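Heads up, the next two complexes both have chain A, just with different partners, chain B and then chain C.
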Partner chain A sequence: MILNPETDLELVRHLRAAPSKVWRCWTEPALLEQWFAPKPVVTRDAKIDLRPGGIFSTTMDIPEMGTQTGDGCILEVVPERRLVWTDLLGPGYRPVGDAFGFTACILLEPEGSGTLYRAIAMHRTPDQRKSHEDMGFHDGWGTAAAQLDDVAAAL
Partner chain B sequence: MRLGQGPLPVSVLAAPTGFALPTVLRHLEVLEQAGLIRTEKRGRSRMCRAVPVALHGAADWLAAVRSEWEARTDRLEAFLETLEDEHDPEPRD
Partner chain C sequence: MILNPETDLELVRHLRAAPSKVWRCWTEPALLEQWFAPKPVVTRDAKIDLRPGGIFSTTMDIPEMGTQTGDGCILEVVPERRLVWTDLLGPGYRPVGDAFGFTACILLEPEGSGTLYRAIAMHRTPDQRKSHEDMGFHDGWGTAAAQLDDVAAAL
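Coming up: the complex of A and B.
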């Protein structure tokens, strides 16, 4: 996977939990909903159909901002190793026109008794992205970022 | 530029410009409408402060997304810790 430093990011961490547990947290809606968004944002109605073409969807209730639903399409599933999805397609690979525009990869490898955790997020080129920022699509991902510093400690 | 260090009264901002206060106020009004600054009446003076978010351009966009991913991973890590003692984590809801 070739990353473009202007549009992509990679995050690498060692987690103490085994890949099986990390996998469950990413793929079971009831678990995902408990950590996906920062408090006081509530994640609900998570839908994860673990197969290529399956839905990856979350709905977030953001105080004073309203509700935001993000529907994505799962591209690749290797149990306990690899989960890839995008918001550029909807469930069943159907193209969507109003996406923020990302492909996300969660890569897990056993490391000692824990997990080598890599998250990769690829985004549109700056020009393509700009037009979507102008249209307001940035808010879906940016909204929560402002609250994060305060919240991380409380968790 | 001076607002980078913190809020200042309009009179202090106006002094080095040599413009009359009403002229300066009109300029500030434009900046405020553009979302670059905020002003508020405090006693007899009007305080002016910069709005950093509005100045964030493309360079900061990826940093914001990254911090979101970092924080998300912090939360995942913390959540995993709560599951650590259980052999088979059950969904809690």
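Coming up: the complex of A and C.
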């Protein structure tokens, strides 16, 4: 996977759990809800239909900001290795009207007894990448990755 | 495939050639270039990497309007039956900065010795559907389908 530094953001972490457990945390709604958004944001009503064209949807309750639902579309599934989804399309590849506009690529590789975890967000334009960075991509996705580490390690 | 009349446009035609030949016309660049845009628009430099995540790109020379290149992304490939691609993403599912914004779903079914041909364009919003309709969706895609009919029948 070749990154474009102009439009892409990447988070890389070592997680303690093996890829099989990290994969479960990304693909089972009840587990995803436990770590997907940095607390105190609450993630609920996760819907995951794990096939290309299937839904990837979450609803987040964000204190003092309200509720935000995103219906994305899964694009690629390589069990325990690679999950690609986008918010530009919804289930059945139907274009979404008010998308923020990114594709997420989650890459898992065994690293020791744990996982080398890479979470990549690809954007439409350099400005949009910067706006995602300014919104707190590294802190937000970093905090979520720490929560993911805990949930996966407890499985 | 369930249409949403608010955001989708559909063209349905009977084509004389069998699905295998219509499929070739959609997936082989040298054939696609012969019918893809209504003449006198010229389609050239077609690039098709026939797998999910692969490129679907064309360049069109439009008289008195100039040149237009679109790098889309193939989403679903069911040989001789279904081809789905979008201009919202480019190769590798990378979001596109200046997309018109639609997903095309091409459905082929045997009908007699020919093909029942359905070409569906799904849009982000009802306004965008209307704008595509006003740009001449039915005439443009209809003329292209007649050209496709001729190219496929001659194979």
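Of note:
Everything that follows uses one rule, which is that the second predicted complex is superposed on the first by the 123 of 155 C-alpha atoms of A that agree within 3 Å, B and C clash if a C-alpha of one lies under 4 Å from a C-alpha of the other, contacts with A are read in each partner's own complex, and residues count from 1 in each chain.
One rule holds in what follows: a contact is a pair of C-beta atoms (placed from the backbone, for glycine too) under 8 Å apart; a residue touches a chain by one contact, two chains touch by 3 or more.
These numbers come from a predicted model, not from an experiment.
Of the two partner chains placed by the overlay, only chain B lies in contact with A:25; chain C stays clear of it. When the shared chain is aligned, chain B comes close enough to touch A:38, but chain C does not. Set against each other, chain B and chain C differ in how many residues of chain A they touch, and the higher count belongs to B. By the touch criterion defined above, A:123 lies against chain B and chain C together after alignment on the C-alpha atoms of chain A.
7, 123 are the residues of chain A that lie in the contact sets of both chain B and chain C, per the superposition on chain A. Taken together, the chain A residues at the contact with chain B in this complex read 6-7, 9, 11, 13, 15-17, 21-22, 24-26, 28-31, 33-36, 38, 117, 119, 121, 123, 126, 129-130, 133, 138, 141-142, 144-145, 148-149, 151-152, 155.
Residue ranges on chain C touching chain A, taken from their complex, read 1, 4, 7, 52-53, 75-76, 84, 86, 88-89, 92-97, 101-103, 105, 122-125.
Within the complex formed with chain A, the chain B residues making contact are 58, 61-62, 64-81, 83-84, 89, 91-93.
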